[in-house]
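Next up is a structure, given as structure tokens.
In this document, chain identifiers A, B, C, D, E and F correspond to the written order of the chains, with residue numbering beginning at 1 in each.
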Amino acid sequence: MKRLDLIFSDRELDTMLKALDDGGAPGYTITKHVTGKGPQGAVSEDMEFTDLGANAHVIVFCEENTLEKLALKVKPILNYYGGIGYISDAKTL
Amino acid sequence: MDTNLVLQNVLTPPVLFFFLGTIAVVLRSDLEIPAPLPKLFSFYLLLAIGFKGGLELESSGFGIQVVQTVGAAVLMSLILPLICFFILRLKLDVFNSAAIAAAYGSISAVTFITAESFLENLNVHFDGFMVAALALMESPAIIVGLLLVKVAAPAERPNAKRIRWKSILHEAMLNGSVYLLIGSLLIGFLTAANNPSGVEKMHPFTGNLFYGAECFFLLDMGIVAAKRLPRLLKAGSFLIAFAIAMPLFNAFLGVLVAKFLELGPGNALLFVVLCASASYIAVPAAMRMTVPEAKSSYYISTALGLTFPFNIVFGIPLYMGMVNKFIPMVS
Amino acid sequence: MDTNLVLQNVLTPPVLFFFLGTIAVVLRSDLEIPAPLPKLFSFYLLLAIGFKGGLELESSGFGIQVVQTVGAAVLMSLILPLICFFILRLKLDVFNSAAIAAAYGSISAVTFITAESFLENLNVHFDGFMVAALALMESPAIIVGLLLVKVAAPAERPNAKRIRWKSILHEAMLNGSVYLLIGSLLIGFLTAANNPSGVEKMHPFTGNLFYGAECFFLLDMGIVAAKRLPRLLKAGSFLIAFAIAMPLFNAFLGVLVAKFLELGPGNALLFVVLCASASYIAVPAAMRMTVPEAKSSYYISTALGLTFPFNIVFGIPLYMGMVNKFIPMVS
Amino acid sequence: MDTNLVLQNVLTPPVLFFFLGTIAVVLRSDLEIPAPLPKLFSFYLLLAIGFKGGLELESSGFGIQVVQTVGAAVLMSLILPLICFFILRLKLDVFNSAAIAAAYGSISAVTFITAESFLENLNVHFDGFMVAALALMESPAIIVGLLLVKVAAPAERPNAKRIRWKSILHEAMLNGSVYLLIGSLLIGFLTAANNPSGVEKMHPFTGNLFYGAECFFLLDMGIVAAKRLPRLLKAGSFLIAFAIAMPLFNAFLGVLVAKFLELGPGNALLFVVLCASASYIAVPAAMRMTVPEAKSSYYISTALGLTFPFNIVFGIPLYMGMVNKFIPMVS
Amino acid sequence: MKRLDLIFSDRELDTMLKALDDGGAPGYTITKHVTGKGPQGAVSEDMEFTDLGANAHVIVFCEENTLEKLALKVKPILNYYGGIGYISDAKTL
Amino acid sequence: MKRLDLIFSDRELDTMLKALDDGGAPGYTITKHVTGKGPQGAVSEDMEFTDLGANAHVIVFCEENTLEKLALKVKPILNYYGGIGYISDAKTL
């Protein structure tokens, strides 16, 4: 199994979840209201107040071949809007 | 500048709480209003201001002056971004220029609210229908901003998504804040027309509480604005100058239009404040979605980090001075 | 259906704000009341309604009518889930049937509050002790639901945990919302008896503010209900029909009992609304813990996605019409 | 102990809601006030109490009595931690002793607020300038605590960071809560002096709403305190005894000083409560930063888990009894 | 060292933490108010309002042999109430 | 690539972020308001109300050699104030 961590602006959350659903993600977990710093600068809590939203952190546990399908859907969104995606290994408990 | 008016503005609780917030940041106090409390207060203010505006709109009806004023307001929100855009293009690319222009064509509800409190403090009359102008000026500038991108930057955007007008209109009109304001306006209108006891029962919430909630919210706005300002300073002197000169210029245009419309001094000030203020809520959300090439730190920091505090502290009394000069006071 | 009553209900701020919330979802506005603000308002409403109920209970005392009415209410919350269960079993398994039945035997405090506002709007008198009925009807249905599971589904549940009555009674009686409501009721009672100046000083918070906070909360309920409805639609036409027909049937039973108890029209409406409304707070929490086999999307979506909005918009005036028909108005 | 005063204290809504919170924990109800709602209420209370204090300070002016009382209060906040420290050193190391001593030298704003409500309930007059004493007693004890660490524990701290006084003074004076209280005091003062209509418009928010918000907050405090108590019990009988005996002793000293200052009974009670209460907000934050060797569960649990509830329930009426005994009532 | 990620309904948080304590977890970190989608359907923010609670995400860093003990305690809860558990490798900083 | 998970008291967040910036972290993601239990005892939600703050969870994705620099900056803070740091492997999506 693989673990996919996606971190990007809250504003794109719906778009991203749709992409994950389309790509066949067996499930996902969302933490909202996270902040951070990346190549595009810092995202602070006051973003939330301006309707831009802070960041969202989405975790997907899935099989390796599902991951490939997800990557095809997810990468264009990250490229267009910014945000990051990382993969690591995981094993079902 | 009429120092007396500035002082009268500064020594009111809302502006003092705004200062308390900014000074907290300057002194590096750890005072912080955690999310989602700012949302609570901003929703409350929109709901209350919309509801009260609706009540008054119902009692004033849709006379010629109402239609004229609101129409002129919408027109301003279409013209002002064009002017801003050409000025911004002197130094910035199309994307950033269009996004910032859209912000300055749109409005800031909190600036409007503070101007209302300022007028109440001076006992100058204004009309509830100005809230309708506020509501209708939020979105049009977004459309202008996107049209500017479409017209001025086709070739530069190879991997841009096709602009889908439906989803943009949607974003512009149905942004949560815009929607809540317009919805509350309608509800206020309907309630006033059909259910006078409902109006009375709402009053402790939408009326009595308003001033205090405004203070609490401005405390947070003071913190947020003061945290934003350094990012603007990094963006360079052009944007700093723009964030102060542009509101002044837009206010001046606003005064001329207000005079032409023969608005009373209270309505005139609100009209001018709508022209002079810049959006940091609805517009950034729409711009992020449609023009990701523009730096959000530019359009938020100018509107929120400098123009907003400038208007709250100096702008409002200054514009009042301009209004008093150009529009003969009839009380 | 008495269209006039429906209109009088719909054109009040609370119901209009409820609509504003649902329409936001329909139009896909991004208006969202972030957690934990809905909790803030729901806690506030429970605290305020409990406190006010306690005050009035103290002044009315525990006469026969109070004891009879509250007793009948508790009885209804034991009988109604049985009826619901047998109807639901026509199509659903034991677990889902029992869980949904428990929800419909229990009550919705917000529906009750909206009915109170409706009565105030019509200037129809009702008594504070009805809040005691509200408080005591929350939990018993949970016990019935679990008994139904225990009796009807022993063999089907090999790996079920043994039902520990202690922890279930605990969950039923000490759910946060139930506890806050009952506690505030007691505090209101004690304050009225011992500390009249305390009553007065609470009034701006628990009294004046109530109507506005109700509106804000119903705005959120409108959003939540509208987001829930699609899940119910997926669950099929049986549950959709159930979510509308069952409240009507329970309301009808309620009217009969109210007539038998000789309640005045105000108390009668509140009694009927307690019978007709369904729980989406205390019951789901208890069911999730004890009957995880039941689909939470079923019991929440019926109660919250359809029965709640139906009651808020059409049910209350409809039940008022039924009450007026069966119970001669004495004002 | 004057049982009558205790009862009069206990049967008020704020204390009853405090009990409701503690009982929720005892009965293991799942009632929980989610973050950041407690922050909302605590900010609101600080803002309101500061603002009201500022108004009254403006009308009373800075007479000798004001300066004397506030000066004595600050002095107490420097002396009391020394006494506490030597008592604590009987059983605890320097770090924990200093941290706990600092907490008991400082104050609890909510205890102060509850004492004010208690006085209002008894119709005993007190002065707004006592809020200035409250504000100025928050921080000095922090400095004393750190000096104690510096003096008493140099060799034991090899890998300690050098104590940077600038950052500690900063932490002590500019902690969010202290800052908000002092800032609101100043704003209240300035508003009263310059903008009487602003005072009036703030009243529904800072005045009328106060009592209800206090109740809501005490509900949460009841939950928090009851959850903390077990950790204190684990810490052993010395700290338990300390958490009750120390406030009594500090209160006794407070009464003597109040008598010496010839304070009226209302101001005297508030003065005593400031001496007897312990900080669980500003002090822990500063101690965590500068004395990480001290166990936060010690200094928070004593102040919040036992001293706070003791003061709220028994302490305040008890201290009132002491004040009445020592200070002849002149009404 | 191993890292264990548990995601399940908030409602079972106390039960789960007790299981972790019983199993000898050296510590844990809890993020509440997370939402997501899994085999049992979607968990949205309005769950929070209905007293069901949203999801909780619990992370445990522990030795491999502790993990085995934890698994024995944790799996029955996930099986009964739903929720997921994943293991990955980790190293102390 | 490596993934670094840091969990520590909110109170030290600014200090920690400064250390990460100084150490050359290419970015980070912050989840506030997390609670938990560790060698120093439990951190509960009421900490948040007392101005001590709950915990913060900071995630950094970075190259292995950056990680070494970060470790030098971060470890002293964790040693002085408490808190944990764990490393795992990750791959860019």
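Note that contacts are C-beta pairs under 8 Å (C-beta built on N, C-alpha and C of every residue); 3 or more make two chains touch, one makes a residue touch a chain.
The model shown is predicted, which means the values in this text are computed figures rather than measured ones.
> Need the most distant chain from chain D, centre defined as the mean of C-alpha atoms.
A
> Can you grab the rotation angle between chain A and chain E? Superpose on CA, round to the nearest 5°.
Rounded to 5 degrees, the superposing rotation is 120 degrees.
> Computing the C-alpha centre of each chain, which chain sits at the greatest distance from chain E?
Ranked by distance of C-alpha centres from chain E, the top chain is B.
> Could you state the distance in Å from the CA-based centre of chain A to that of chain C?
39
> In whole angstrom, how far does the Cα centroid of chain A sit from the Cα centroid of chain F?
20
> For chain B, what residues touch not just one other chain but two or more?
30, 32, 34-36, 39-40, 175-176, 204, 208-209, 285
> Which chain F residues reach two or more other chains?
31, 33, 51, 88-89
> Quick one: in the complex, what on chain B touches chain C?
Listed in rising order, the residues are 35-36, 39-40, 43-44, 47, 51, 170, 174-176, 179-180, 183-184, 187, 190-191, 194-195, 197-198, 201-202, 204-206, 208-209, 285.
> Which part of chain A faces chain F closely enough to touch in the complex?
4-7, 31, 33-39, 55, 57, 71, 74-75, 78, 84-89
> Give every residue of chain B touching chain D within the complex, in rising order.
Interface residues on chain B, with respect to chain D: 11-13, 16-17, 20, 23-24, 27-37, 40, 120-121, 204, 208-209, 211-213, 215-216, 219.
> Quick one: which bits of chain F touch chain D in the complex? Just the residue numbers, please.
9, 11, 33, 41, 44-52, 54, 80-82
> For the complex, which residues does chain B have touching chain A?
Residues in contact with chain A: 32, 34-36, 38-39, 42, 159, 161, 175-177, 220, 223-224, 227-228, 280-282, 284-285, 288-289, 292, 295-297, 300, 304.
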